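Paired with chain B in one complex and with chain C in the other, chain A is shared by the two complexes that follow.
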Partner chain A sequence: MKYHILDKKNLDSFIKSLARRMKVVGPVKKSGKNYVFKEVKTADEMSLKYIPTILPPKKYLMPEREKILDLKFESDGIKEEAFIENEKIAIFGVHTCDLSGIQCLNIVFNDKPVDKNFLMRKENVFIVGLECNSYCDEYASCGLVNSYMPNGGFDLFFTDLGDKFIINVNTQDGEELVESLKLPPATPKEMSELDKLRDEKRKIFKNEINVDPHKIPQMFDKVYESKLWEEVGNKCLSCGNCTNVCPTCYCFDVDEKISLDMSSSERIRSWDSCQFETFAKVAGGENFRKERGLRQRHRVYRKFKFPQDKYNRFFCTGCGRCSRTCMAGINLKDILVKVAEESKI
Partner chain B sequence: MAKETNKPKIAFFDFACCEGCQLQVANLGETLVDLLGAVDLVEFREVMSEKWDKDYDVVFIEGSIGDHHAEERLKKIRERAKVLVAYGSCAALGGVNGMKNGFNIDEIRKYVYGDKYSYFDSTPTKAVDQVVKVDYYIYGCPVYLPEVVEVIKCILRGVQYSVPDKPVCAECKLNENGCLYDKGVVCLGPWTKAGCNSWCPNNGNICYGCRGLVSNPAKNAANDIIQKYNINDKIKDLGQDLMKKKLEMYNKAKEVINEPKK
Partner chain C sequence: MSIKTENKLEVKESNWVYRKGKITATRMMTNTEKWFEIELSDGELGHEPGQFVQVEIFGVGEAPISICSSPTKKGRFELTVRNTGKVTEQIHRLSQGSDIYIRGPFGRPFPVKQMFGSDILFVAGGLGIAPLRSLINYVMDNRRDFGKVDILLGCKNPKEMLFSEDIEKWSKRMDINFACTVDRGDPDWKGNVGLITTLIPGVTLNTEQTYAVVVGPPVMYKFVIAELLKKNLSEKRIVLSLERHMKCGMGKCGHCQIDSPKNYYCCKDGPIFMYDEVKDSKKL
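Let's look at the complex of A and B:
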C-alpha cells in the first residue's frame, strides 16, 4: 500500500493536470442540499463537503440513455453495428458508499452474459475516492452495511488531514499519476494521523438501527407475506425516484429510435424502474406486480435478500439516497427496523 | 402542397384552444423538413389557405369541444379521417377550458356574454374522446415536440404509441433537478404523466399537471408529502385544497359525463 501527500493548496493544480489528461467530473453544488457530479476544470468549482449527489456516479458507467446499436434498413437487408462509447473520464471525490455501488455494478455486469458497454466504460474511468470523516446526514446507513471505510474500487483515495490530503494509491494508473506529479510519500507521522482518524471514525459510525446485519437475510425469509409491504405501498408514489438514485439499481429498457424517413434506427437502452406501474406489465395487460406494496417489497428484497443469496453481499451501500429523495417519506431504515421487529430474530 | 402523391394526407384542425400546439409544429426546425418529406400537408389553417375535399389519412385535432356546433363539426371530420390524433391537452384532456365545468353553465354564459347570452351556445367542456374515437393522444400544454415526432413515426408505421405512464418526477430526477417541494411549493409532478422530460421543473417552474394524471395516481400520497415538506405550516392548512385546485386546472373536463344525444 502506497501513500502520498498533496497539500490542499495544490489541489487545484492536481485537478488541472488531471483535466489535461481526461475529462474530470466532481461533486458540484446545485441548489440547497442538492449536489450533482458534473464536469469541472478547477478545484474551486467543486464542493468537497457534500452529501450524496442526486444521482450516483453510476450515470457515467451506465448512462440513463445510451445507444447500443446502429441499424440501417437497406434493400438487401438490415445492417447492424454495435455501438460502444468509451470516453476517458476521471470521477473525483467518490464517497465510499458510491465506491461500493460501483463494485456492486461491476459484479453484476461481469456475471454472464457480460455487459460489454459497462465494462468498456469501466476500463476508461479513473476513480478518485474521498473519505467521509463524519456522517453526511441522518439518512445514511453506512454503519449498518459497513461501507464507511475504503474497501478498494478506486485508483486513488483521498483522506482529508486538515491542511493536506493523504492519498492511498491502489492501481498502476494511480501510481503513474502520483509519480508524474512528484507527490511526496507520506511520512510515518502522517500515517499515524490517518490511523488516528480511522479510530475516531469507528467511534462516530455505528450501526444506525441496532439490527445485526448478519441476521438480515434470515429476517427477510420471515416477512415476505407481511402487512408491512402494503403499508409501505400505501405511501408509495411509484415515481421511481428511489431506484433512479440508487447506486446499485441497474434495470433497463431497450427501444428503437427510427428515423423519420425510416432508413435507419438507433437502439437505445435507458434506465427503467421496478416501481413503475408498467414495469411488470406484459402483453394482454397482465401485471405481475400490480400493487405498489409488491413493487416496494421487490425493491427492498433486491437490496438485502436476493443479492445476498446470489453474490453474498448486500446491494445497499448505505448512501441513504432512496430515503432522502422519497417525497412521501418512505424510509429504508424504518423498513429494516420493522422487518427486524416482525421477524423476531 | 396538396398534390396527388402516395404520401399520407395530413390535416390540422382547431377547436376551443389557443392554437399554440399547432404553432409548435413551426418550431420543429430542421425536423420539419424531414417531416414534410414523409407526409403531404393538405389542410392547416395556420400555415395555408388550401382545403382538401377527399378523405384524410391523419387528422390532428387541437382544442376541446365546447358547443353543439363543434361537436357536429368534429364528428364530420372523424368520418373522413382514417386516423385521428387528439393533439395537445385541450383535445386530449379538455385542458384549461375544463375549468368552465366548475360553474353552472348558464351563469358562466351570462358572465361571458352578458344578457344576450342565449344567442351564444355553450356546453360543458369535453375532451375529443368524449365525442369521437381517438387513435393517438399527444398531451401537453403545449405539446412537447420530441414526443410529437415520436408519435408521428408510430402513426406512419401503423403501430401504437404508449404514452409514458409514470409520474413526471421520474424524468425530473434524471435531470437532477432539486425537488420543488424542498422549496415549499406544491408541484403536480407526483401525479402527472411523464413524457415532457420535466420541461417546466427544468426551468425552475412547478409541474402544472398539463399532461393529465397517470392511470393509477397515488391517492394517499398527498398527505404524506404535505407532512414531509411542512406544506400546511406554510399555507395555513390549505395544502390539500391547493393540490386539488391545481389538479383541476387541466383535469376538470374529465369529470363530465357525456350529455345524452339529441
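Let's look at the complex of A and C:
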C-alpha cells in the first residue's frame, strides 16, 4: 500500500488539476446542517467537515432518473437505442459509510443479469475517500456496522493529519494522478501518525447500541411477527424519504414518456420506494404490503437480514441518513435496540 | 419530458431492448381473457414451463404475462392476458398480424426434471390455469416420463372457464384423471359445483412420490395447501407459482419481493416456489 502526502495549502491545486481532467464533485454546504455533493472547481467551495450529505453519492452511479432506452417509431419499424448519458467524474471527499454504500450497490448490480448501466457509470467514476476522525453526529451507527474505517472502494483515500493529508493510493488511476502531481511519499513518522489516529478512532467509535452485530441476523429471525413493526408503521408517513436518502436502496420504477406526435418514446428508470402504498400492488388489485408497518419491516429486513443471508454483510452503512431525515422521528438505532430486546438473544 | 443527453455511451446488449414478434392468432376466451399466439422474428422464445415474459406497449408500459404454452410446441408461443390494467387493456387491442414486443423469458421454471418419475397432481384456480398449462402440456407431450397424473380445475362460474379446447382433450384422455368444478353453476352447467378444495379428498395420493402443482389466487392457496398437508403431502412436494408485481424481471427493482423473512424476488427466485420456501409469507 502506497501513501503520499498533500499539504493542506495545496488542496486547491489538487482539486484544480483534478478538475482539468474531469468534472469534480464534492461536499458543499447548502444550509444549516444540510450538505450536498455538487460540482466544484476549487477547494474552498467544499466543506470537508460535513455530516452525511442529503443524498448519498449513489446519485452519480444510479441517477434519480435515467433514460434506459430511446425508441423511434419509423415507417420501417421501431428503432431502439440503449445508452447512458455520462461523463468522467471524480467524487471527492466520500466518507467510509458512503464508500460502503457504493460497494453494496456494486454487489447487487453485479448479480446476474448484471446492470450494465450501473457498471458503465462505475467505470467512469474516480473516487476519493475522506476519513472521519470522529463522529459526524448522534444518528451515525458506523461503529455497529463497522464502516468507520476504510475498506477499499476508492482510488485515493484522504486522512486529515492536521496541516496535511495522508493519501492512501488504492488503484493505478490513483497512482497516476499522485505521480503526475509529484506528491511526496509519506515518511515513517507520518505513517505512525496515521496509525496513532486510527488507534484513537477505535476508542472513539464504539458499538453505538451495545448490540452484538454478529447476532443481529438471528435476532431478526425472532421478531418477524413482532408488534414492533406495527408501532413503527403507526408513526410512518409513507413519504419514502428514508429510502431516497439511503446509500444502499436501489429499488426502481420504469416509466415511459412518449412524444406528443408519437414518433418517439423514452423508457426512464427512476428511484422508487418500498414505502409507497402501491409498491407491491399487482394489477388485479391485491396488495402484498398494504400496511405501513409491513413496509417498514420490509425496509429494515432489507438492511439487516436479507443481505446477510445473501451476501454475508449488512446493507446498512451506519450513515444515519434515514433517521436524520425522517419527518416522523423514526430512528433506526431505536428499532435495532427494540429488536435486540424482543428477540432476547 | 426529455433528459439532456451529453456524452452518450452505447450500452451494448442492454437488458432493456425488446424482441420483436408477430401475433399469428388471437381469441377472446372470456369477457376479460384474451389468448394470443406469437412468433418471434429472432426464432424460438427459448422458455421452460412456468416462466413469463414482459409484454411492452409503447407509450404505456410493460406487463408481466405467464407463458401458457409448453416449450414442446415449436416455433410459436402463447399468452393469455386478463384485461385488468392500463397495459393489459392495450394488449387486448392487438389483433392477428399486429407486431408485439417482449422481453424475456424470465423466472425460475417448474422443476420439471426433479418431477420426472413422480405422480403429478395439478390444481388450478381461475387464471392460474395459464401458467400451469405450460407444464400440463409439457407433461402430456412427455407423458411416459411421469407417473399418475391428476388435473383438478376450478373457476368462479362456467363463463370464466379458460382453455375449453384443452379441457375437452384432457377430459377424454385415458392416461390422466381430470375433474373440474365451478363455485357457482348456471342452467347449462352439468359438472361439479363447489370450491376446488372439494375435489381434493377424491384424489388418491401416494405422498412419497407425488408433486402437487398448485396455481391460483392467494385465497385458493390457503385452502388447497391446507387440504394437501392434511393428506400428509410434504411441504417440499407442493409447487406453487406466485403472482407479484414483476417490473424489471431481473431481481433488481424490488417490486416483486416476497413478504417473508427470506429474501426472494418473485421474478428471479420464482415465480415457481416450493411451498416450504415461502410458507412464512402471510399471503401467498
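Just so it is clear, the second predicted complex is superposed on the first by the 345 of 345 C-alpha atoms of A that agree within 3 Å, B and C clash if a C-alpha of one lies under 4 Å from a C-alpha of the other, contacts with A are read in each partner's own complex, and residues count from 1 in each chain.
The criterion applied here is as follows: a residue touches a chain if its C-beta (ideal position, glycine included) is under 8 Å from a C-beta of that chain, and two chains touch if they have at least 3 such contacts.
Everything numeric in this text was worked out from a predicted model, so none of it was measured.
Peer 1: Touching A:Glu87, do we find chain B (first), chain C (second), both, or neither?
Peer 2: In the superposition, A:Glu87 touches chain C alone.
Peer 1: Identify the partner contact of A:His298: answer first if only chain B is touched, second if only chain C is, both if each is, neither if none is.
Peer 2: A:His298: touches chain C, not chain B.
Peer 1: Now for A:Met1: first (chain B), second (chain C), both, or neither, which partner does it touch?
Peer 2: After superposition on chain A, A:Met1 lies in contact with neither partner.
Peer 1: Going by the contact rule set out at the top, does A:Leu69 touch chain B (first), chain C (second), both, or neither?
Peer 2: second
Peer 1: Given the touch rule stated above, what does A:Met262 touch, chain B (first), chain C (second), both, or neither?
Peer 2: both
Peer 1: On chain A, which partner touches more residues: chain B or chain C?
Peer 2: C
Peer 1: Taking the stated contact definition, name every residue in chain A that is touched by chain B in one complex and by chain C in the other, in rising order.
Peer 2: Overlap of chain B and chain C footprints on chain A: residues 258, 262.
Peer 1: Write out the stretch or stretches of chain C touching chain A in their complex.
Peer 2: Against chain A, chain C makes touches at 1-18, 20, 58-63, 82, 84-85, 87-88, 99, 101, 217-218, 243-245, 247-248, 250-259, 261-263, 280, 283.
Peer 1: Spell out the residues on chain A that touch chain C in their complex, using ranges where they run on.
Peer 2: It comes out as residues 65-69, 71, 73, 77-78, 80-87, 108-109, 111, 113, 115-117, 120, 220-221, 224, 250-258, 262, 265-268, 272, 274, 279-286, 288-289, 294, 298, 301-302, 305-307, 309-310.
Peer 1: Okay, in this complex, where on chain A does chain B touch?
Peer 2: For chain A paired with chain B, touching residues are 30-34, 36, 53-55, 64, 234-241, 244-245, 258-262, 271, 273, 276-278, 292, 325, 327-329.
Peer 1: Report the residues of chain B in contact with chain A in the complex, numbered from low to high.
Peer 2: 31, 34-35, 37-38, 149, 152-153, 156-157, 162, 165-167, 169-170, 173-174, 176, 178-179, 181-183, 189-191, 214-216, 218, 220-221, 224-225, 227-229
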